[in-house]
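Have a look at this one.
Labels A, B, C and D are assigned to the chains in the order they are written; within every chain, residues are numbered from 1.
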Amino acid sequence: MIDLLWDNLDYAASMVLFCIGLYAVITRNNLIKKFMGLNIMETAIFAFIVALGVVDGGNAPIMGEGAAKPFINPLPQALILTGIVVAVSTTALALSLVIRIWRQCGTIEADELREAE
Amino acid sequence: MKRALTLVLLVALAAVLLNAVADLPPHGSPDTPAYTHVGAYYLENGSEETGSENIVTSIILNYRGFDTNGEVTVIVTALMAVIAVLTGVQDTGTQPDAEVIHVAPSVVVRFIVRVLAPFILVFAVYVILNGHVTPGGGFQGGTMLGALAIALTLVLGERESSRLLPQRSLRVIQVIAPLTFVAVGLAGLFIWGDYLFFPRDEKLRGFAEAMLVLIEAGIGIGGAVVFARVFRLMGGRQ
Amino acid sequence: MEVVDARVALAPAISLLCGALVFAAADNTFWRRFWSVSAALAKLGIVMSMLPGSLRGVVYTFDLVEFTPGVGLAFRADALGMFFSVVSSTLWLFTTVYAIGYMEREPNRRRFFGFFALCVSTTVGVAFAENLLTMFLFYETLTICTYPLVIHDETPEAMRAGRTYLVYTLTGGAFVLLGSIWTYQLAGTMTLSQPGILSMEAGRTTLTALFVCLIAGFGVKAAIMPLHGWLPTAMVAPTPVSALLHAVAVVKVGAFGVLRTIYNVFGVELLRELGVCDWLAALAAVTIVTASIIAIFQDNFKRRLAFSTISQLSYIVLGAALLSPLAATAAIVHIANQAFAKITMFFVAGSIQRTTGKTTIHELAGIGYRMPYTMGAFTVAALSFIGIPLFAGFVTKWYLSLGALESDRWIYALVMLGSALLNAAYWLPIVYTAFFKAPHEEVVVQEAHWTMLGPTLACAAYVLLLGMTVSVPGMPFALAQAAVTFVFGM
Amino acid sequence: MTSWPPLLVLFVLTPLVGAVLTPAVSDASGRRSWEWALGTMLLTSAMAGALIMRVLDEGPFSYVVGGWVAPYGIELRFDEFSAFVAVVCLLGLLAVIFSRHYARDALAPGRIPYYYTLLLLNMTGMIGFIVTGDLFNLYVFMEILSLSAYALVAISGEKTAEMAAFKYLVMGAVSSLSILFGVGLLYALTGSLNMADVTGRLAGSAEAPLVLAFAALTLGFMVKSALFPLHIWLPDAHAIAPSPVSAVLSGLVVKVGILGMLRVYQIAYGSGAIDLSGLNLMLTWLGAISIVMGAFFAVFQDDIKMMLAYSTISNIGYIVMGLGLASPYSLIGASVHVFNHALIKATLFLGAGALIHQTGRRTLTGLAGVGRSMPLTTAAVSIGAISIVGIPPTAGFLCKWYIALGAMQAGEPLFAVALVFGALLIFVYYIRMVNAFYFRKPQEAGAPAVHEAPATMLVPVLILAALCLVMGVLGRLPLSFIEPAVTRLLAPLGGG
């Protein structure tokens, strides 16, 4: 078990990162910090998927002169490029919601907001 | 209390996750399904079939072009959402906008941004146009352009920076990315019979490249406008 | 012989149409009355036009829509269904005429007559239902349609009664739905056209549970104790509604459902083997006696009627549960007998209330001098309930007692006797008070309006006819016998 | 025309282009937005019609984008479950029609063009989600759908709208990540993203990651469809959003989670690589609990839209229970309810929106006696109420019937009991609503005169109410094409 985990250390690291992010989402009171936790989770998943494409000793998948096998799997990279854009978009919307909440209520602490309701 | 409970739960979750990923096909091995199936096909045929040396780009624009089509829609959705959330209402709350403090940036910052601006611009254009041979592409270049616009907004005054975005055609420019994408895709549909089809034979390679560059440019400009606009909206500007 | 005939579907549809037209007529009194009465006549006409065929043994069927093979809305007018629909459409005509007079000055008449028509539509729908699904559909729709009638007055009391009514009947509906689904799962069909569709293969426990489920579902509307709680509270409704609830639509639909469950879902043979009907019969007997005893202590006229209804309904249930042909005849015939007698009484109670404003029994002293025809009709109905020969109620009691003896359960014959005494104990005092106690004030003969008096007398006449001869026009005893022959496979 | 292959991709693109061009064609205060959005939706609906004709004729079909064959390119696939787009287009169209007066009065003028843009983007996301045959593409369209949904909740201008939207966003983003994680795991195990290809290649995978992949996907989709106890975002978001948006969110967006689940089942059953009985048991229980809890909370609401929001949780419970029981009948019932509940809930939310718009009140106490002044709207809402409780012959009955039958078929009669009696509990709060409309006197005598809603609001509500009845009577229609899909879904399990 531990051996297997050691072999798949990249995966294991991203799982741990995922949990750290989730911890922040659940426990943080400040909405921005909550959202930063979510960003950590996103990063963890992205790292996990990108790591799926890694090949030992692999090169960037750019053909042309001087390119040598093995190449790294290009598909996860392409996917995560899309994933990052999605994450950025979500962040933009979340931040603008936080801005509106701040302007309306004067606070972005979750517990104070609950009281205000 | 809540934190301790969360911690316990998360440790349990982590154990489950770790247990599962430990059984995944070994990391870095060239024999995993992930490497041998679809990915291998791309590496094998990508360059030839799409004419792009950068296989990541060939996936983004050719094989999985429809994903990218959706992706540019996602950022436009985000922009529309931000506009909808941040404009059009009077704030009734306790925090007036007037509290936003305007501090003039230092001379050093202003100078450096002004000096670097043309270089950043050129580099961004290069990254956009060379996406199919080198690392880079529309998104990457667009981000640089957007960053440039943001930097300029910070150092220029309100009046000058508002000219960075074309006011009259803004409502079209801000959605230019999906529009170009769909336009090029439809061109493929009406000329060759398939949406997002790019001609593969040698004679038409130039034409295909022109279509790809058009898409990249659309993504770059559209992305840059979205970033700049979101930034300005968050600062309470139009 | 089975014949496909759209008339089976037309009969429920015509009241539906009438409901729609009444709503469309808005506040125009003439058109509302016109549509109500002509729909009642048209429906009676349709049902009666099928009667000769039915008496010859023709079964009319009509499949409306099918959801999936075997599950759909289908109508089928067999002898039992025909009998019930003849009773309800005859009574609808009387009640409509009566209601026009009774509701003269009430508010929200459009809503009242609209839903009134819908109720009868659903009742005939239940009568003609070919399968449990169709039956459930109309059973539930009936609940929904009667709700606005029960809370017609919109007083807090009425709203409370309405809520109780809904809680009881909808729970019952849920049981019926569950039972239907279960039946379908076990038998692969839900048809009511066979003398029993289940078999012992399903296992004793399952069948018992299913029986309890279906009987509990239908028993709510049939007001078998202890499921009767809604009935007395629902008395706050206007009198024609009470009449409709008690005599024509709601309770009869419940009793009819019990009959269908026993005869067409389980079948007599299976139930004999299963033995659960003994319990049902015992429960019915307890209900008959207990409800009668409670009725004695009621001073409110309508509440006494309500408990009497509870008691009378269990005659039907008891008749069915005895599983003997003679008792079954009694059960089916009692649908008509109880209906006519009870509706007469409600008409009387309503007439008295409208004309004199009196609602309790001790106020009724000398009322017989003031409203002689009305109280005459009441006396006829009361004697029928007691079971005096020559009145309709006697026929029921006679066959039921015979049935009890036939199936070696003489105790139920004693119950009949006891019930007769109890009935006498709570009906005769009213007759006595009305005719033999001196009136409190000066007596002027003051009958109700003819729209109310007419139906009252007509129904009383039917009670007499049903008791004296088996060939009452339009109330064929023969149909009941045909139904019994069919279910007992004789 | 109907069999022209690229129609499938144009179907996704039409609302997309229409959406991004909405601000450009209208002026700042939203004039012409409505006409533009309406035109877009009409065109989209026509395409949906053509596609459904085709699926009825030939069965499932697909289209590969850019001429790259699957699994290397992206495949769009239209099967019987995809026929849900019919309801999506219909509700989208009616919501747009409804918004003409509603948006003008309820929203800040500057927001109106963006409101329509986001609504159309929401449609785009939904349609893309439904017709794609590629796991990652599914994720991308799901994000278009989710982002626009968050913003549509915030747009209403109610005091707590942003807070509700933020809550929705955090839950939604976590669930999206969970789904992406599941997709990543499936990719790691099979090397493919095409659903059909993944299905074929799953056999023989390591068990732990496989279970985790399905768990992650299920969890993500369950949050999206607000199954108890993951429902906490729903009531606020659905109650605060503008009413046409509530109709779309409750009718359609939560169903996306269910459709996602159906895709997961297609992969799981088709591959035969994993035993889902544990998951099914859990879903059945959670579904049953959802029914009861949703109904329970709804009873205590005075706010009409809040009540409707909780009722959505109950109804999702029905559907999930049907999925979990995994017998042919229950799956048919669940699939059909995905359609029917959309119609019913849209009737209720649009009707409630019309009532709130005309009276300015949103509590049951405030709406007392409104049946006299707005008879048509209240009649439509009452039909919706009867339908959602599942009284025959309305649309809601069919699903109740089939899911309960499915419970019997699966040998779990107790769940049938839970279902039937859960429906009774639901009735309790709808009867309160009907009572308030018709049988209670208006509170204040001096209240301003209330009139029937304008035609643009009334007509959609009436159409939907009529559909609630028609779909009940013609229940055969959806059944006839769902049945082959369910049979195919369960075929690998043997028997059925």
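Keep in mind that, in the parts below, contacts are C-beta pairs under 8 Å (C-beta built on N, C-alpha and C of every residue); 3 or more make two chains touch, one makes a residue touch a chain.
As the structure is a prediction and not an experimental result, all values here were calculated from the model.
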Discussion item. By that same contact rule, can you tell me which chains touch subunit A and subunit B alike?
Written reply: D
Worksheet item: Which chain maximises the distance between its CA centroid and that of subunit D?
Response: C
Item to complete: Average the C-alpha coordinates of each chain, average all protein C-alpha coordinates together, and give the chain whose average is closest to the overall one.
Response: D
Practice prompt. Count the C-beta pairs in contact for B-D and for A-D, then report the pair with the higher count.
Written response: B-D
Item to complete: Express in whole angstrom the distance between the two chain centres, defined as the mean CA positions of subunit B and subunit D.
Response: 30
Response to the item:
Per the C-alpha centroid definition, the whole-Å distance linking subunit A and subunit D comes out as 29
Discussion item. Nearest whole angstrom, what separates the Cα centre of subunit A from the Cα centre of subunit C?
Written reply: 70
Practice prompt. Take the average of all CA coordinates in subunit B, do the same for subunit C, and state the distance between these two points in whole angstrom.
Written response: 74
Worksheet, complete the sentence: Residues of subunit A that touch two or more other chains sit at 18, 22, 48, 52, 75-76, 79, 82, 86, 89-90, 93, 97, 100, 104
Worksheet item: On subunit C, where are the residues touching two or more other chains?
Response: none
Worksheet entry | Sites on subunit D at which at least two other chains make contact | 136, 140, 143, 147, 150-151, 154, 159, 162, 165, 187-188, 193
Worksheet entry | All pairs of touching chains, each written as two labels joined by a dash | A-B, A-D, B-D, C-D
Item to complete: Give every residue of subunit D touching subunit A within the complex, in rising order.
Response: 136, 139-140, 143, 147, 150-151, 154, 159-160, 162-163, 165-166, 169-170, 173-174, 177, 180-181, 184, 187-188, 193
Worksheet item: Within the complex, which stretch of subunit B touches subunit A?
Response: 2-3, 6-7, 10-11, 13-14, 17-19, 21-24, 26-30, 32, 34-35, 38-39, 42-43, 46-47, 53-56, 59-60, 64, 67-68, 70-71, 74-75, 77-79, 81-82, 85-86, 91-95, 97, 133-135, 139, 230, 233-234
Discussion item. Taking the touch rule as given, give the residues of subunit A at its contact with subunit B in the complex, in rising order.
Written reply: 1, 4-5, 7-12, 15-16, 18-19, 22-23, 26-27, 48, 51-56, 60-64, 70-71, 73-79, 81-82, 85-86, 88-90, 92-93, 95-97, 99-100, 102-106
Fill in: Touch list for subunit C against partner subunit D, complex
65-68, 71, 73, 133, 136-137, 140-141, 144, 148, 151, 154, 159, 163, 166, 170-171, 174, 177-178, 181-182, 184-185
Worksheet item: Once bound in the complex, which stretches of subunit D touch subunit C?
Response: 386, 391-393, 397-398, 400-401, 404-405, 408-409, 413, 416-417, 420-421, 423-424, 427, 431, 435, 438-441, 473-476, 479
